[in-house]
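Naming follows writing order (A, B, C and D), and every chain is counted from residue 1.
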Amino acid sequence: MAVMTYLEAGRRALEEEMRRDPRVWALGEDLGRGGVFGQYKGLQETFGPARIVDTPISEAAIMGAAVGAAMVGTRPVVEMRFADFALCAVDELVNQAAKARYMFGGQGRVPLVVRQPSGMWRSSAAQHSQSLEAWYAHIPGLVVVCPATPADNHGLLAAAIRCDDPVVYMEHKDLWGLEGEVPEGAEPTALGKARRVRAGGDITIVTWSKMVHVAAEAAAMLERDGIAADLIDLRTIWPWDREMVLGSAGTTRRCLVVHEAVQAGGFGAEIAATVAEELGVKVKRLGAPRLPVPYAPPLEEACKIAPERIVAAAREML
Amino acid sequence: MAVMTYLEAGRRALEEEMRRDPRVWALGEDLGRGGVFGQYKGLQETFGPARIVDTPISEAAIMGAAVGAAMVGTRPVVEMRFADFALCAVDELVNQAAKARYMFGGQGRVPLVVRQPSGMWRSSAAQHSQSLEAWYAHIPGLVVVCPATPADNHGLLAAAIRCDDPVVYMEHKDLWGLEGEVPEGAEPTALGKARRVRAGGDITIVTWSKMVHVAAEAAAMLERDGIAADLIDLRTIWPWDREMVLGSAGTTRRCLVVHEAVQAGGFGAEIAATVAEELGVKVKRLGAPRLPVPYAPPLEEACKIAPERIVAAAREML
Amino acid sequence: MTRPNFDAARMLGHYRTMSRIRAFEEAAEAGQKSGEVRGAVHLSIGQEAIASGVCVNLAAADYIVSTHRGHGHSIAKGADVGAMMAELYGKAGGTCRGKGGSMHIADFTIGMLGANGVVGAGIPIAAGAAHAVKLRGGGEVVVCFFGDGAMNRGPFLEGLNWARIYDLPILFVCEDNGFAATTRTRSLSGGRGPDARAESLGIPAMEIDGNDVQLVDETASGLLSAIRAGGGPRFLLCRTYRLKGHTAHDTAPYRPASEVEERRRHDPILKCREALLLHGVPAAELERVEAEAKAEVGSAVETARRMPWPDQSIAWEDVQDVGAAQWR
Amino acid sequence: MTRPNFDAARMLGHYRTMSRIRAFEEAAEAGQKSGEVRGAVHLSIGQEAIASGVCVNLAAADYIVSTHRGHGHSIAKGADVGAMMAELYGKAGGTCRGKGGSMHIADFTIGMLGANGVVGAGIPIAAGAAHAVKLRGGGEVVVCFFGDGAMNRGPFLEGLNWARIYDLPILFVCEDNGFAATTRTRSLSGGRGPDARAESLGIPAMEIDGNDVQLVDETASGLLSAIRAGGGPRFLLCRTYRLKGHTAHDTAPYRPASEVEERRRHDPILKCREALLLHGVPAAELERVEAEAKAEVGSAVETARRMPWPDQSIAWEDVQDVGAAQWR
């Protein structure tokens, strides 16, 4: 066990995987200088510029080249800098990486990881704040991961790198500095398995990424009122852990889904709809209003979910 | 009233709007030759190559140029050929067109229409068959329209062209040849208003695009068994007609949503989740499995929804 | 006039490859017209010399990346014509198990990394394949085929720049048939052409008659040697002509019959045939080659026709490992 | 040495514009460091001559499209410094009502169509604005600013080709400060440079010292005249240097202090000052101009500080008309 930041945990996972497997390499802008958030710090010194590759501002080629390089037996880790810039490479990710194995009848595989730092962070406004996990969850062929803790940013990134599928890996920018314990020498975390943050029998709260921490606050507030929330950190958005979610909601008969992304068409809809279909119990979602993320703090606030709102929503359902 | 195809109805709407408003123009590949499906036939002869613009294979520039041209007071109609190719222009559509008005504090507007022919058609396989309306519905700033009939392809395209917001306009490729009556000289169809295809009190079926016709078949089959479906063609996916859907589902207490798109993370989830949240009634969705669309007919079939499946799903809910 | 460096056996090989491609394309066209071959089918009739002339210089371990018009490249690289035809027919024994069809034809066993339904998308993919080769210190080369229309897509710039700055073992082959679908490419392309663009990105470029298979072969051979020697990327612009429409359904009314007539006289197979005859290869030999090609393709069609459809259960295979059983 | 064609009044105008930009950038930097200015802030310190030299040749009706580093362009085009500063402070009176911040600074009233958070994204947008101008038969021109790093993005090729083939009234201005964020752009760019790429797309290109405001002004003037006369697009490559880090938080440890020191001697404001003094403009006059610039910006900061936050209700405005009230 060692205490480290979410950022450092990701850095270590990459470093360990690169040591373990010489086929693993990383590519993206400014990686030699440590990457835009410092999450690659020191890696080029360790592995050299051929394995920690500084690229031009060519998102389409970064992603497209990773597809070709993955097909030919290497395991690229693609850095997109901000999830928003991955929108410059959607053909490459969605039409190529996600579909190659299938449309070629299983001949080729595209084992790549696309790191897409996501979410609202320091008033970054409309083009640097998006959370688009729902998009990628909708695309057959892709795995989608949203780690919430240092331990998971370590264990899930390792798992993503070892995975033979293309994985969209969405770190939350506002979590870089979060500290937590990371088990040493542990096996990678299983993809597709949720984590029960705290157990409770009164209401199921399903969430992921930064909202795990906001929801944990809310759960603590509810607890003070004697309401026990079963709080689930989904961790992997696709495939999502239906078993844990349906199991919990079947017991509590109430399922609240909370995410930072825009609520309309967000992945919360998938979960709520599934729970309603399968169990016919109460469901509710909390997500951002359908607004581009604004710059000014009080406006940005309008897009955020405070613990109090989760508490209020949970109360309404009881 | 005149009987015409879905394709011709769209062609006429564009022609009429171009006559009405000199700021309207269209741009895309091979438009001078009528467009890849013939939906622009004759328009370059009528309006000249400056208003029906043949473009290079530059989807990013087609969309990006349309954004700039819209900001400066013209009203471009962008042809993307296949919705799948619009994935080469996502930054331009999602980071630029959708957000410009907002992030510039209302200074600029981007009144453009992006025609994105969608859906499965003649074994076109994974890169020419996608239905991605859920993506665009998730993006603040965008209007999303999916016409199902010739009358609507006329009335909604006219409305989309007159709209001051960027509109993603998704014609279904398998409907081009569908014939139907189109009222002459009618006002554009209101965006955001669903159409009740047939009234019934037993179950609400919400659908759009080609699935309207499949669901109508299913409704006829159900009727033979004495089950009256309230069949709603959503027409506009964002904003969707919550009022009609919730009104109907409140009466029937059952809401089945059917769409051609992949079910996981499809827009059906939004509707089902909303209905469950607001009314606590039975919901169910039918969409494609999470598969890239395969080529061979029996495989492609696995992605399609037959009327019988709708009937079975409806029966289960009763 | 006889030609210098004429190698009759090698040229006869080209004649065979080109005849096999031609026969395949004609069968694909017929299949599309009969409705047995679905989806969009893009024929390379008239462009066979490029595929044959380039690929003869490749080993099985070398890679190619292709376009929507990919049958010829696949055959020239060594793909099995029977499995290819089965793929077009959407049958279980197709190269892609019936999941891809013409636009996604691929054969990874011989380094054919796939056709592509998106114009220009193969360029960064090919650059990435070459990047991987370099990364693992391999000696393979990658050939990236694309059409003149692709020069106006952003990935052209990004992919070529990529190959240049990382000094990758890749040959870019632009098949300039003058058209992007129904539009004359040059009317919508600024500057001198794709070769000038490649040069502006620092990649040495050459322009040749792509209908002269000997010339394509010799030129590609030289360029590939330079690449194998560590010389970095090269660009080869091949002038050619698409003798058929854009797709098998397109009758191409947008170009004058006289133009097509004129170009038919430069049919690469015809040219190759003339050269072979001139160099003393008997006509009977050529006819035998053609007949064999037709017979091979004919039996491929028959086999494909008789082959069963893929079982619907395979629709659920090859999507992904993680969550493989979770469809909704 | 005195300069030919020296117009003291015009140069004094440049001195004023550049001083106002410099003062604005220094205040933005301070605001970012104090935490009052949020988001990412990219300073144009050292690059002011390009904005001033180009924009002095534009009328209010002409358009510009900018980048993430857009303060200078906005000021040179005539945006109100007070409203700009309020925008950086996220206040109600900002040019974008506090919704955009530095990276989305814009002022449509004076034809400033927006900064952009996505590198290269402005290029097709600018081409489209010029397309619209041509379509409606207007006489305006569009200037598209972008950095050297943008030359490696696909939209560079697509947007320039677009401007060429439709013969649009647009001047592309590449501000080549040698860096793309923390990386030296040339190390990741094939070929001779962005001007060579422009030429390969058929657009006449020139390269000049972008720190010499008189030269920028004269060159831009000539190019814009050609464009206004219907000559189609032009490309101007301006060599310059970013005297500060990539963002206001970046201390730029990746470049030697000696290099920055060297370049500081080519500070465009310094150069302009020397020229003015040499041509007899009194130092006091220059100091007055600087003091005015600082005062203007100082009061803009004070006003911005005191200004109220935007009311949260406006978060729901400016999204879209259709479905404006439907948030979920």
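Note that in this section a residue touches a chain if its C-beta (ideal position, glycine included) is under 8 Å from a C-beta of that chain, and two chains touch if they have at least 3 such contacts.
Remember, predicted model here, so these are calculated numbers, not experimental data.
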- Item | A-C against B-C, pair bridged by the larger set of C-beta contacts | A-C
- Between A-D, B-C or A-C, which repeats the contact pattern of B-D in over half of its pairs? A-C
- In angstrom, rounded to a whole number, how far apart do the mean CA points of chain C and chain D lie? 45
- Note on the structure: Cα centre of chain A to Cα centre of chain C, whole Å, reads 40
- Calculate how many whole Å lie between the centre of chain A and the centre of chain D, each centre taken as the average of the chain's C-alpha atoms. 36
- Listing for chain A: what residues touch at least two other chains? 55-56, 58, 60, 84-85, 88, 91, 95, 102-103, 125-127, 140-141, 238, 264, 274, 289-292, 294-295
- Note on the structure: So chain D residues touching two or more other chains come to 94, 96, 98-100, 104, 116-118, 152-155, 158, 161, 165, 187-189, 319, 326, 328
- Message: Once you draw an edge for every pair of touching chains, what topology comes out, line, ring, star, complete or other?
- Response: complete
- Item | Complex contact set, residues of chain A against chain D | 29-30, 32-33, 36, 54-60, 84-85, 88, 122-128, 263-264, 287, 289-292, 294-299, 301-303
- Note on the structure: Residue set of chain A touching chain B in the complex reads 84-85, 87-88, 90-91, 94-95, 98-99, 102-103, 125-127, 132, 134-135, 137-141, 238, 261-262, 264-270, 272-274, 276-277, 280, 282-285, 289-292, 294-295
- For the chain C and chain D complex, residues of the former touching the latter: 152-158, 160-161, 164-165, 187-192, 196-197, 199-203
- Any idea which chain C residues touch chain A in the complex? 63, 65, 94-100, 104, 106-109, 113-114, 116-118, 121, 123-133, 135-136, 154-155, 158-159, 161-162, 165-166, 317-323, 326, 328
- Message: For the complex, give me every residue of chain A touching chain C.
- Response: 23, 25, 50-51, 53, 55-56, 58, 60-61, 63-74, 76, 91-92, 95-96, 100-108, 140-143, 163-165, 167, 191-192, 236, 238-240, 242, 274
